[in-house]
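The two complexes that follow have chain A in common; it is paired with chain B in the first and with chain C in the second.
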Partner chain A sequence: MNIEVSKLKKVYGKKEALKDINLHLSGNKIIGLLGKNGAGKTTFMRILAGHFRQSKGDIQINEQPVFNNYEQTKDICFIMESNNFYEKFSVQEILTISSKFYPNWDESYANKLLDIFQLNAKQKIKTLSKGMYSALGIIIGLSSNAPITIFDEPYIGLDASNRSTFYDLLLQSYQQNPRLIILSTHLIDEVSKLFEEVIIFHEGSVMLHELSEELEKKHAIIKGRKEEIDQYIKNRHVIHESTILGQKTAVLFDEEKIDDERFEVSKLNLQELFVYLTKERMREIVHSN
Partner chain B sequence: MFTQIKFNLYYFLKYSYKTVLTFWLIFLGFLLFFLCITTLFQSFEIEFVGVNTLPSLIFTAIFAVLFFKETFPAIIKFGASRTSYLFAYVLYLILFTITMSIISNVYLFAMGYIIDFFHIDNFSYYGINIMDHQIATSQLILYESFLYMFFFLVFNIVAALLYKFGYKVSIVFLIIVSFPIFVRSFADELFHFFAQFIITEKEYSQFSFFILYIILIGILWLIVRNQSIIDKITNK
Partner chain C sequence: MSDRLKDDQPIFQQIAELIETNIIDGDLHANDKVPSTNEFAKHFQINPATAAKGINLLVSQEIIYKKRGVGMFVTEQAKEIILQKRKSHFYEQYMRPLLEEADRIQVHKDQLITWIKKGGKV
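Entry: the complex of A and B
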């Protein structure tokens, strides 16, 4: 699978939801799509799934447009946090219909997942709790085996234990059937280890697109005496700094290696990095105004 | 395309068979209830006149509005194209019309048989034959089918307009379209034009219905071909 996005723009009335997005996604991997609320993640995923057209720009899968193109959209399974299924159907009816539409549907796996999440096949969608509804979305997404599987906050209402089960199943399913999985989430800490690649959306633009490994290498937390740290971070890309009792901590970005024995050097987790990066971007906007 | 149409049609049937069946069962219950009442109170002067076409046309209108709103986004989410949606829709429209006409006429026949068998004088039940007793039954059945198809299409277009443009734009559009009805000279012309769709009028022509359907399907296609799956009324 090869997804090519160039100068993608989506405007709702006067609001620009996506601003000239350029992206290239290829191969089989699990990609984390991160961003604050309203950053444009869902809009991007919905355009990718062919739900609606972009206002400008281009989005192609394997060099073919996505919108209204069954050859491409049949290979996409997009599970949103809500409004996935017609509420008067039963769980079994949804599974049967999904089995028709998704060419790589695995029925026995779907039934197995039904047992794992303890869903009653006869139950109507409208009577499902939020967690059960999310579980059904997860079952469809995983059993579809779609070459592009997209989950947008798929676990609203799921308890920690079931979320953990989902991560295990996702990894297992990916290992058995490698494909492009895009997972949009706010619970970054819980899933960060699954991501091979990370994309951060911020206010309708792609703020960062990196391999997880590179992201790990590209930043550092340094801790030391305030004066020494202040001198060191001059003209460097600082995304966060704090001082307590004369000891200063700074988070540097775009730094490959720090060899200075005066400082204690460590790494952030993805969630902290995401928070600092998006906060820093906000600061830049505030200052530029 | 054939595969898509097949799956879309499958979805339509799954979506609708219970609703259609429920309507006719409720209607049957309603008829039997009044049949019992009139039979029990035959000595009193209670008279019931039932017409099956009007309720079924009202049902068709309501069902058509819900049908678009509930099937279009679901099918596109499953990856089908808008073109396949429309092709499957046309096939479904024909199936729906045939089903409704058959059930309606089975009801009419069965009720007529019961009324005759039990000699119930104070219960009358009519279909579209209430319009004119001179017209052949086959023509009436065909005309009833035309009406189901017309109602389904028109209300589907209304639903698609509301879905695409939201309340404000759609209502303004519908007012503009229906405005000529309120202008006397236009209204006369319109009545003359619509006479070809009324079976009791001498201008009536079955061919006119086919032209009308092609135009209505064309309008629906124009609305649907690039349609987003976000409902402008609920913004979901």
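Entry: the complex of A and C
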């Protein structure tokens, strides 16, 4: 699978939900799509899944357009946090419809998952609890075996135990049938170790697209005496800084290696890095006051 | 041995160190089979590519070797290589922080030596 996105733009009335998205995704991997609320993640995923058209620019999968093109959409399974299923159907009816839509559908696996999440096939969608509704989305997403499987916050209402089950199943399913999986979530701490690649959307643009291990190399926390740190970080890309008791901690981005005996060097986890990167703008505002 | 991965160190490195420690502790012997990428991924809930990177790091250092279609195994000289490597890092990783803290709280060298003589098997 090869996804090529260039100069993609989506406008709702006067609001630009997507400004200028350029992305190239390929191969079988699990990709994390992160961003604050309103960053444009869901809009992007919906365009990718062919739900609606972009305002401008281009999006192609294997050199084919997606919108209104069953040849492409049959290969994409997109699970949103809500509004996935017609409320009057039963769980079984949803499974049957999905089995007809997705060519690689695995029925016995779907039934096994139904059992794991303790869903009753006869139950109507509208009577499902939030957690059960999310579980059904996960069951469809995993059983579809779609070459491009996209989960957008798929676990609203799902408890920690069932979320952990989801991560186990996701990995297992990915190992048995490697494919391109995009997972968008705010629970970064829980899933960061699953990602091979990370994309961060910020205000309708791609702020960052990196291999997880590169991201790890590309930043550093340095700690030391305030005056020394201040001098060192001058003209460098600082995404966070804080001082206490004469000791200063600064987080630097776009740094390769810091080899300075005076400083203690360590790393952030993905969630912290995400927070500092996306808060940057706000910090500028706070500082200019 | 802790079963949890730490946040402040690359995961692939922790996977590699885990295997190494097993080898020097004698839990894994020469020509023993090392768990597969998928087993590590499942156990730690991590991306298989990350686990593979840790394993490949050890392959490049000739600590484990690949048998096509069969799996990964501990080499004959694995233990020796790891001991060499760990010894060369010992001062930086353990002695330096120890001496720094001793300095800071004014623990005298003689005291350190007494403590060292008291414990340890070597």
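Note that the second predicted complex is superposed on the first by the 280 of 289 C-alpha atoms of A that agree within 3 Å, B and C clash if a C-alpha of one lies under 4 Å from a C-alpha of the other, contacts with A are read in each partner's own complex, and residues count from 1 in each chain.
Rule of thumb we're sticking to: a contact is a pair of C-beta atoms (placed from the backbone, for glycine too) under 8 Å apart; a residue touches a chain by one contact, two chains touch by 3 or more.
Not measured: the values here are computed from a predicted model.
Student: With chain A superposed, do chain B and chain C clash or fit?
Tutor: Fit.
Student: Is A:Asn69 contacted by the first partner chain B, the second partner chain C, both or neither?
Tutor: first
Student: Quick one: angle from chain B through chain A to chain C, Cα centres, nearest 10°?
Tutor: Taking chain A as the apex, chain B and chain C sit 150 degrees apart.
Student: Once the structures are superposed on A, label A:Lys100 by its partner contacts, choosing first (chain B), second (chain C), both or neither.
Tutor: first
Student: Give one of first, second, both or neither to describe whether A:Ser266 is in contact with chain B, with chain C, with both, or with none.
Tutor: The answer is second: A:Ser266 touches chain C but not chain B.
Student: Quick one: is A:Tyr86 in contact with chain B, with chain C, with both, or with neither? Answer first, second, both or neither.
Tutor: A:Tyr86: touches chain B, not chain C.
Student: According to the contact criterion defined above, which of chain B and chain C contacts more residues of chain A?
Tutor: Touched residues of chain A are more numerous for B.
Student: Once you lay one complex on the other using chain A, what is the shortest C-alpha distance from chain B to chain C, in Å?
Tutor: Closest C-alpha pair between chain B and chain C: 28 Å.
Student: What part of chain C is in contact with chain A in the complex they form?
Tutor: Answer in residue numbers: 5, 7-12, 38, 41-42, 44-50, 53.
Student: In the complex formed with chain A, which residues of chain B make contact?
Tutor: Chain B residues touching chain A: 1, 4, 7, 10-11, 14-15, 18, 70, 73-74, 76-84, 225-226, 228-230, 236.
Student: Name, in rising order, each residue of chain A that touches chain B in their complex.
Tutor: 49-53, 67-70, 73-78, 83-86, 88-89, 93, 96-98, 100-102
Student: If we count contacts the way the header does, which residues on chain A are in touch with chain C in the complex?
Tutor: Per the stated touch rule, the residues are 29-30, 164, 167-168, 171-172, 174-175, 193-196, 212-213, 216, 266-267, 269.
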